[in-house]
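Letters A, B, C, D and E name the chains as they come in the text, with residue numbers starting at 1 for each one.
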């Protein structure tokens, strides 16, 4: 049953990826603007019609869209993501350079956001009306009401310029060979900013669902019959996690969108920055590769989340009708 | 009881902000675009209550006028995303089956592409006015609403009163609106309010990327965008005030959304 | 054993229970009957101290000499754990939907009495069988069982725990006649053999006549009549009781 | 650097440059980067006065008909990989630029080249289709080593990420998204570099660049005009306010009816308050502009400078039949005096300029809007008006012929005449300036050209913007020269720079 | 026969049939009872008849015609169900008036008046019209439910344990109302319950279910039912 479920979900994931590629390909191409100009970036002013046509021809941008997509898909299925227009290097190489950084930032922030929000959300939700409960609901809203880039600039001004204890940009020391400690030092600030501005909302969400779950009849019944508090809490958390995970799954993609700004502020060379750049330059092969890669990351995360939900929710596992 | 007091308090705050921005024309001492190269970076004081910015424009006037823009962008984009989300999620949830599966995969796919990327791709639409900005934010932010509406519809669809309605021959439109939509309102309301806060952020974020509303139109977003340069110079007032207003507005919306969610609004079947 | 004095419960300005007093004598089966919505379940909630938000409780609820309403939370919890077991009215919603029956039943019964899991299994299997349930239900989830089955699971826990005071709110409402009889039989047996005091809420007069010693009649949030079963059945005083008795099929 | 990086303990002999953006590749004929001067050298090179002088070329001769150039190369110039540079490499470089497959952005510079001939390893002959004095400027193009390229497109070559040149610094390491390190090349044919390493650190955010300059994490950064003030008190940073030939102007798109009447163009030129722009937006780091050759030796001071004059502007509009309506805006045949200035969003100074100008035009009854768009979304030929930035410190022909000649329309030729500007007199002058070889004659031609241009303006010139760099106080050897766009070329003599304290 | 269920089977999970080979008929103007062990499949059968779930095998014929997708609409005009849980069958955000208007949507008559006239039949008063389901007592809700179904003028009404959670007095009221309706409008009723006294009081014929099968059937003869199987005998204490 479980194996079958995973198989089915994986297949669906592949289908989703296909839709993602199709959509992004057409959205990007349908987007107004001339790819030849975009291609020239800062030199765009020194570009005339003849040049534009020439560039379009070189990159086969003058072929019909559907055949371009077909060609792209064929290459991609073969495991070849093509060459970046701008850099001329294989897309896969470029992406792989960025991937570790992105996974690191994504992974670290996600781990802290999840563990932080679990801890805060559960402890606050279990004591409705307590000081902790009230302060978490207020502080979480407050923390999520400050724009992340503001927090970032303040952090730089304080930790880098004033105290001089943390490097303000980059994903590794420029002179060194990029050891792990060095990497982590660079990671602290961008990760902190994302965590601080996000953890509140998730904690809040969990807190709410813990509270709602605690109001359930079965909790009252268990309490009234002297069931151990530990057992009761265990059951509540288990059920409260389901909507929480659902929400987490729904918002994971926005991590990539949201982190773009943080990445550019801290010059953290991740996929988000790369994608923004490739959109503005209309570097389609790179962009498609980037979207596909984030797509894989997102879909794998969703798969993991769905799997946890599947384990937590016997209704899904038993294939019963709701 | 207590929560309703909170509701009233934040409701008043929010309406104050809205009223202030609506009547910005009468309240602001200068025209929001009036530039004065002799009065650049003036700290808050006599002539300019909240100081001036890098083009010598009055921060207070821009703040009021900008609020209008930001709130219009946020408000109408939320409205748009609400309409799309309700329709999409409603259809998907109500019809179910293979159509639902396909629609949900499609939605998942859209969810996977960071919306900022889509917005960047379509920034051409932003040319000109704030409505196109609202449009573009709206069209990229309906996904959560759609998911929520869908799950609400799926939940409600199985309830007996909906089954009864089908048996009573109630027309489908009435089932959709009268039974399903009307009972999803609490849930939709909450996501919509959070969506409002999100839209303000999106406006700010786009401002940060330099692709927000046109530069001659003031908005909290592009004020904040410029203000990041001003921090270094020490012109704290340019960023502080829009920052505070965004903060308070989002806070107000959050608490209102919350207040409406938590009281005993739960249905008897819940 | 249980002595309720002048119990009043208002919620949001509306009196759900008004000035009600009655007693549950030790070692007896006392039954509450009454109109639906008259406050029977709310009385149980008041006894256990699990009121919905916004509700206030005034009056006294003496249990073994302690006023439960005044009692600090930890002592109340100790009493709930050691002396009282309650079968709630809504059996379908009394279990955590995502946990299998076995750990849940263990938490309700075995764990309370600090029995080992294997000891629990042995005893529980016997009880389940006596209630016409298969042991395989232990491996199932609540949503896979019908309402009647879940009700019997709760009843099984009550029989397992053998508490000093058993409160049972409509314990047989989803059971058919045969199973109903069987459970009432076991209840009487428990009362007779272990001396368990029982507070039984039901709308089935046959059960009252069959099982209870004492009866309390509630109507519109008030206790309108108390007395021994035989007395009340033969010569009802309050007009509602009269009506109720007259309306047998 | 005071931030606790490993290098902080021993002050390393290295220079960290805060780079605004990361490059996609380092092939100088595919993309222009500020590393080019460090990694590569060309036949010619601009000196302190922006005159082309020999670099790789030992000497050259020009045929009397001005069509054939013969270059003799210096001996023993070695590429960073040790191979000798020969005339084959020069020919290869120019041919690659002309090869459509490579889509080089430099192609239009060399379309006048008719043929290239190798005479021997050290000598080559370049033939032009027509006389073209500025060809020497163009030949400052970096020379690429032919045998470093595999077969196939240059676009996907490994060279682009591991470049080889003959410049004073050679490629060492490229940590993508983070930094790029160059190290001194000891076989360099010019002055041997003193600083061991030059590191380009990619910091897209201008604030962060400034903050890092403050904290000492970087040694050089280009500053926004508004940021400079904050550094004036700073002990460790020296400000270099470098003159540049880089001007900003509002391009009138002559395809729009509005600009057909020269009175209207004049009116808007008069309605531009340039002194306020320099003072307010550029914070004094710039000069008021009135001519495209203002930073050139051929500058003409005796032309119309469009001194700010609202009354005159109004009068001109009145004469052009744009009459003021009740709402304060002007109308002609029921049409409102309105247009939009398009500006690239990535350039905040241009956006600010557009904004300020637009606001100022309201005073003469024009309803002017600003569109700040991404480069990819801008089609200059379709805009009403565009905020251009041109200006070259080099030959007078450089940023004039391709901009204002009728035949250089961006739509039909390889030129950059975006606005479809056409004036027979200007055409003739530009043509003469190109063909003439006599310095005095050329000067006269370009003086006349500037005068004529003011009478029939293609642009509303706003200001020349200086490049303001903040540099660590201990770096010496910086030589200022008039710079090109966006402070490019500031590192032109980096091999002569050195640290005082290391 | 008004309703003929022949040879219907159903299982939710493979190999565990909930219903097998069920044959049930309801004649015109007949009141039929359906009793049986808890979990024996009574509610499932009711849902199958109402086409709320697909049958696995067998067929259901109403008024001489098998019910298909296309005839479903017509079928619902003649056959109605009342679920056990009265509250969840009413839209919580509608008033009683709106709820009662629902079946009358397409009718041209003065609907308000019609409803007011009918209210009395189920013992509700005009003031209830403006209340919402949450403001009604359980008994009242069940009556609103009943009234709504009756407004359709069905030929057959299926009642799934509609009185189990109510007290005797309210039970009595509702049962008497059903009898009255049967007498005046000739509406047939399939009454599912485990309350034997009510079934015996109300029905002309009774089916007994156990383990997903109909194990017994008996008609009322001189106010008495005759059962053959041992389970039914035990159930009815005979």
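Please note the rule applied: a residue touches a chain if its C-beta (ideal position, glycine included) is under 8 Å from a C-beta of that chain, and two chains touch if they have at least 3 such contacts.
Quick caveat, the model's predicted, so the values are computed rather than measured.
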Length of the shortest touching-chain route, chain C through to chain E: 1
Intersection of contact partners for chain B and chain D: A
Per Cα centroids, the chain farthest from chain E: D
Maximum centroid distance from chain C, chain identifier (CA atoms): D
Distance from the mean Cα position of chain E to that of chain A, given in whole angstrom: 53
Chain B and chain E, separation of their C-alpha mean positions in angstrom: 49
Distance between chain centroids, defined by C-alpha means - chain A, chain B (Å): 21
Distance between the centres, which are taken as Cα means, of chain D and chain A, whole angstrom: 39
Chain A, residues touching no fewer than two other chains: 32-33, 153, 157, 280, 320
Touching two or more other chains - residues of chain C: none
Per-residue multi-chain contacts in chain E, two or more chains: none
Touch list for chain A against partner chain B, complex: 12, 15-17, 19-20, 23-24, 27-28, 31-33, 137, 141-142, 144-147, 149-150, 153, 157, 208, 250-251, 253-254, 256-258, 260-261, 272, 275-276, 279-280, 287, 291, 294-295, 298-299, 302, 322
Chain D partner contacts - residues on chain A that touch it in the complex: 32-35, 37-38, 40-51, 54-55, 57-58, 83-90, 94, 97-98, 101, 153, 156-157, 160-161, 164-176, 178, 182, 264-270, 273-274, 280-282
Sites on chain B touched by chain D in the complex: 33-35, 37-38, 40, 54-56, 120, 123-124, 127-128, 210-211, 214-216, 228-234
Touching residues (chain side chain E, partner chain C) in the complex: 35-39, 137-139, 164-172, 175, 194, 196-198, 200-201, 231, 234-237
Residues of chain B touching chain A in the complex: 105-106, 108-118, 120-122, 124-125, 143-144, 147, 158, 197, 201, 204-205, 208-209, 224, 228, 231, 239, 243, 246-247, 250-251, 254-255, 258, 261
